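Order of writing sets the labels: A, B, C and D. Residues in every chain begin at 1.
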Amino acid sequence: MAIEAANEARPARIRLGMVGGGKDAFIGAVHRIAARLDDQFELVAGALSSTPEKARESGEMLGLAPDRIYGDFREMAIREARIRNGIEAVAIVTPNHVHYQAAREFLKRGIHVICDKPLTSTMADARKLMQLAGKSDALFILTHNYTGYPMVRQAREMVAAGELGEIRLIHVEYVQDWLSEPLEKSGAKQAVWRTDPARSGAGGSIGDIGTHAFNLASFVSGLRAEELCADLHTFVEGRQLDDNAHVMLRFAGGARGMLWSSQVAPGNENGLKLRIYGAKGGLEWAQEDPNRLWYAPLGEPKRLLTRSGAGAGPASLRVSRIPPGHPEGYLEGFANIYAEAARAILARREGRPVPPEVVYPTIEDGFAGMAFIDACIRSSQRNGAWVGLQIP
Amino acid sequence: MAIEAANEARPARIRLGMVGGGKDAFIGAVHRIAARLDDQFELVAGALSSTPEKARESGEMLGLAPDRIYGDFREMAIREARIRNGIEAVAIVTPNHVHYQAAREFLKRGIHVICDKPLTSTMADARKLMQLAGKSDALFILTHNYTGYPMVRQAREMVAAGELGEIRLIHVEYVQDWLSEPLEKSGAKQAVWRTDPARSGAGGSIGDIGTHAFNLASFVSGLRAEELCADLHTFVEGRQLDDNAHVMLRFAGGARGMLWSSQVAPGNENGLKLRIYGAKGGLEWAQEDPNRLWYAPLGEPKRLLTRSGAGAGPASLRVSRIPPGHPEGYLEGFANIYAEAARAILARREGRPVPPEVVYPTIEDGFAGMAFIDACIRSSQRNGAWVGLQIP
Amino acid sequence: MAIEAANEARPARIRLGMVGGGKDAFIGAVHRIAARLDDQFELVAGALSSTPEKARESGEMLGLAPDRIYGDFREMAIREARIRNGIEAVAIVTPNHVHYQAAREFLKRGIHVICDKPLTSTMADARKLMQLAGKSDALFILTHNYTGYPMVRQAREMVAAGELGEIRLIHVEYVQDWLSEPLEKSGAKQAVWRTDPARSGAGGSIGDIGTHAFNLASFVSGLRAEELCADLHTFVEGRQLDDNAHVMLRFAGGARGMLWSSQVAPGNENGLKLRIYGAKGGLEWAQEDPNRLWYAPLGEPKRLLTRSGAGAGPASLRVSRIPPGHPEGYLEGFANIYAEAARAILARREGRPVPPEVVYPTIEDGFAGMAFIDACIRSSQRNGAWVGLQIP
Amino acid sequence: MAIEAANEARPARIRLGMVGGGKDAFIGAVHRIAARLDDQFELVAGALSSTPEKARESGEMLGLAPDRIYGDFREMAIREARIRNGIEAVAIVTPNHVHYQAAREFLKRGIHVICDKPLTSTMADARKLMQLAGKSDALFILTHNYTGYPMVRQAREMVAAGELGEIRLIHVEYVQDWLSEPLEKSGAKQAVWRTDPARSGAGGSIGDIGTHAFNLASFVSGLRAEELCADLHTFVEGRQLDDNAHVMLRFAGGARGMLWSSQVAPGNENGLKLRIYGAKGGLEWAQEDPNRLWYAPLGEPKRLLTRSGAGAGPASLRVSRIPPGHPEGYLEGFANIYAEAARAILARREGRPVPPEVVYPTIEDGFAGMAFIDACIRSSQRNGAWVGLQIP
């Protein structure tokens, strides 16, 4: 057992509300665990379902006070903004098409927003939300949770420090198999909404998981994608959205890349992998083995960096809780987004600037993700022509 | 993203106290995260350090009410047993030599005890504690946390179901490198007490990590070790306890095994590995890759079982929180011990029997661990003669 | 040690000549080991270098009779075709631009040709050579050696048997790092000719290793690529040919794929990997770990098939020499191409039809590889437009 | 494709005979491939079976001249020693109980012996053979073939150079599953003789594969085992020899170790693994992944050394044939023993001393292996008491 102390919770919990995340939801429970892990947030209010009865039941199950269980997020925003000790932040964990409307209500009342990805279900909504956020004093944190993994932070730090030299190649993929068959026809809730354009937006696999891959590539490389060409495809008959996407990328400065998202590749559970190569070295990371990072300095043996182990730098150490060799996982990575959010929110609360080392995905990242989806669809509609990404 | 809902917290939190786990401690923070993860416990009191000033500071940092910050565990036991809404359970996370005395104070007042391993620092204390626990109405839960990993539960279930046939071989090891040099001389707190017989007891590596390996082997195989022969050794000059142990084992029913614990094997962080083979198949699991379990049915290709994936049975599914492909780690496994403890404590609170599927390491497991340490030392003193384990 | 007998050489060695493969060459020595491994060939003549002095020295080093060391391949073809016990087959292991002329001389004299890939350095040569081979009685075997690996045969057999269902996705890559720096400027022989369009042809990485990847995808899937779009790039300044290629593919029947070849990805030695997914299952194989094949039947745990192990079928068993768990490597795989060639040549010698289970890459495969290079270049020149592959 | 030239055969082949290795044998064919791979040997005579008919058939199948097919090894030794261009070396590939008698006939006639392991079937034979070899001018090479793997050479070189510091721990295992059931009852030839004390000697798994593990540990560490304690066991009912062995070891200089051999661990094919740790670093190697070697310098990230890759030293480079990333396997490693034998035999033929870099297992290594088996049995008979190894 190594010797660093685990991260320690501090008092002064942030009062948190939640939109969505009721009884059958998957990601709401993940957000709640993530918020709880470091003891920085206290869930005190919720509009947990669009079905009032379910909203009430879910709120009771979570032990919310009856007067802070809301049937509607607008009502919650209005009242919580007004009452003493109302929520300081809200987690929006609904299907995509609700993100914009919900976020708007809270942002305009100065309540910080922690929002699931993709940002919205349409480009138009994304643009409006970005403008709104730009004018609000409230913070906007997007839960591209994979950026919370310590070894992803480590990779980003090494790239920024020039340890790979100039970046040439970025290969990223997010591959699953759970939609290999028409699961949505069986009524499985997660499958139904994620394959429904009305709720998910125009992207299927590209929106649900492709945006994670795209965000990860951008986050680690620090490079802006300028152009892409895409071949989206739906393999399962009758499905309305893509279930597989092949994308080639060109980045500012000359790097090139490939991105693959799939929900129909048997044997893959959550195969998010990033490989990035520069003139002087390479890095490889896989989400299913998140505590390790391969580092290959050109002309030297490959090295296996481990979380909190020898070779780990400050960017990963500050988001690690336990010694090397004891794996941290998905929930810990997700919780790091909440921990960063907490640091930023507490700074705001106390009138301090957000410390420079605090890093979380922003509304700009969310917009870039929407621009990515949009460009993939435009390219694919033009039979894979190269198109520009409209990232401001 | 797959479709199972994550575990959901229920209200009615258990009021928890803590002994030890103050500012510089490592494992106390882990216990607190584990207790918090599923929202079943609320830390309300603590005797967090034997140094009063540090106890106070630590308690304040954790947001405890001033009158529930104690300078002494006995004082805490007496008062908490008396006050309305006093603690229902206590976590004991001190160095080993304090376990017995602390546990006694709470057990005899009917407060449930969640205690770190090894059980005590001497066999005599272990015996007394086991008698005490036998007479108390309170539960005793030992945090042999590795038994909380879902795929360890999966392995145990498969062995019990006879999928390996009669067990023939058990190979287990827990290998580290952090004491390869005399770190204790530099004053590193973890190294100092873990190499000090007065605080650790008579076992060095064999007590600190060998007991975990031994417990894991017993937990998964369901077999009782009857005899062992051991070759303990101290490689680092001036160290008072063993830093490496080689052990051969014979189990009831005829299975045989090897156990290796080491703190001086460079390149190993927390290399706890179990391999178990029967007449019809084998299983292999490694703590650093805890979401996977290799299953080799004799004469068929090996299969890789994943947490919550195809092939996962009820024993692992009930302690999993998220879908396959999103790794759960050490903290989640640790939290499963707390979750099981919560289920048992709530059953007691409500006068129900503890449900049969609830599994956690007991005081008997703790005693078996002490008997293991004791047998290793006896054997090693007799130049590796085979000796019996005195497990009642 | 398992129990199958290793493959056994039979007498009646085939008299073999070699063009190229003199002293500094790399691949010539590999061909000679491959030809020797199963004792089916005897090297008796050679035109081992275009430099006469080197040809002579090389021939002597290999113990060739002085009158069968030739300074010129045409001279060798003419004389060997005429003498009693002249060569029955020739291995052509020169840089690419020589393949066509050399192969022509032997084919038209009825001498079987075993030729390195890619087929030629130009499409025009490829077309002429294919016509010539079509008219000749001699066999033409292309050493796309990776098709000789047993587990590649296993994968192909499983796909053909429908174990994956209808194929949807093919992901293949061949990634190296040895040209990350301008090695050709240092005069390194392998780097010089492989980056020289006059000797390599129009493809850099795409010709040297991309064709292997393309061939492997075709070989295992049994599918014909119909369209592709490509983004070729040269990262190292001053280099004349691509050192990285990104390609998207569409196959007859609707499968889609991605192909990546690179010589500039630090940390990759010979990273040839194939992943292929159908409606009912997936397969994954990596050249650097060639004795294993991952098989994922949809909805069941992944299985690790091993060479000669449980689950290995006849197509892989017939090209395996030793029991499972004892790795066979690159040379054994290469030798399997020679062993298949020997089976075909002996059948011809004895007037028998070539047995149906004998499989080796043909001139059609070579032509498909040339069409692949050509299409990549055409697409890339049109900024990645989708173009058809001109495979007859 | 990287740039080093492959090893090149030189003329002047060594005339080789073979004892054993007829039609149903396994290891004879392996020896023949190994002898052929680098073109240094020519098989010209054989006493391939103790059954005359089979000896004749086998010889014809291998293309031996009729007058050099012998029904008896003694006859072969006598005649070949007398004729012009008789064999210079003989490969003895029979079951163990024949080794001594056969080797004696050739050694005393000055014919070099390449002999399978274990050395003999009894300690008495081993002693006599060692004396005989000491007096003979002929060389004695034992095919502990795993010492031929390049990365094993690399490991040995690194230990000798002090890169691990003083060696503390050696963990080695050779684990199989092929005898999990009573295969010998089905008449499978390999199973029958390997479980028969009359042909194998007193060791079952410990003799067949445990000696390989022991030899590997000694070869890499350069340390002499002084004491061991062993727990041999037979799990399969009715079997006459051990099918599993647990051994603890103490080496000269203070290092300690564990050794495990098993033929009854389902899921293991040829799991020979070595882990060796010193005060400054550790190494890990596995036979099933032989081209890689993990190197962990204490306090630094682990490094993955690859055959012929960056970090490979002269001891491994001189026995590598092809560039990194193209796997070499079991046959190549076996062939390295033959290549070393050839270098030594050619030196003798030419009156030169054997070059110092030439390394192969000797009769002393063979004797040490016999002493290891003997000590294991003595210890096990005394219920695992520590016993000395009688290595001169």
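Keep in mind that, in the parts below, a residue touches a chain if its C-beta (ideal position, glycine included) is under 8 Å from a C-beta of that chain, and two chains touch if they have at least 3 such contacts.
Here the structure is a predicted model, which means the values were calculated and not measured.
In terms of the stated touch criterion, the partners common to chain C and chain D are A, B, listed by label.
Ranking every chain by how far its Cα centroid lies from the centroid of chain A, the top place goes to D. Centre-to-centre separation between chain A and chain D, using Cα means, comes to 55 Å.
Each chain gets one centre point, the mean of its Cα atoms, and the points for chain B and chain D are 44 Å apart.
As a whole-number value, the distance joining the C-alpha centres of chain A and chain B reads 34 Å.
Contact with two or more other chains is made by residues 268, 302, 306, 309 of chain A.
If you check the complex, the residues on chain D that touch chain C are 1-11, 23-27, 29-30, 32-33, 36-39, 61-63, 176, 178, 183, 188-191, 194, 208-209, 268-271, 287-291, 306, 309, 321-332.
Residue ranges of chain D in contact with chain B, taken from their complex: 164, 168-169, 171, 177, 180-181, 229, 231, 233, 235, 244, 246, 248, 250, 256-258, 260, 262, 264-268, 275, 277-282, 284, 294, 296-298, 302, 383-386.
On the side of chain D, the complex with chain A involves touching residues 295, 299-306, 309-311.
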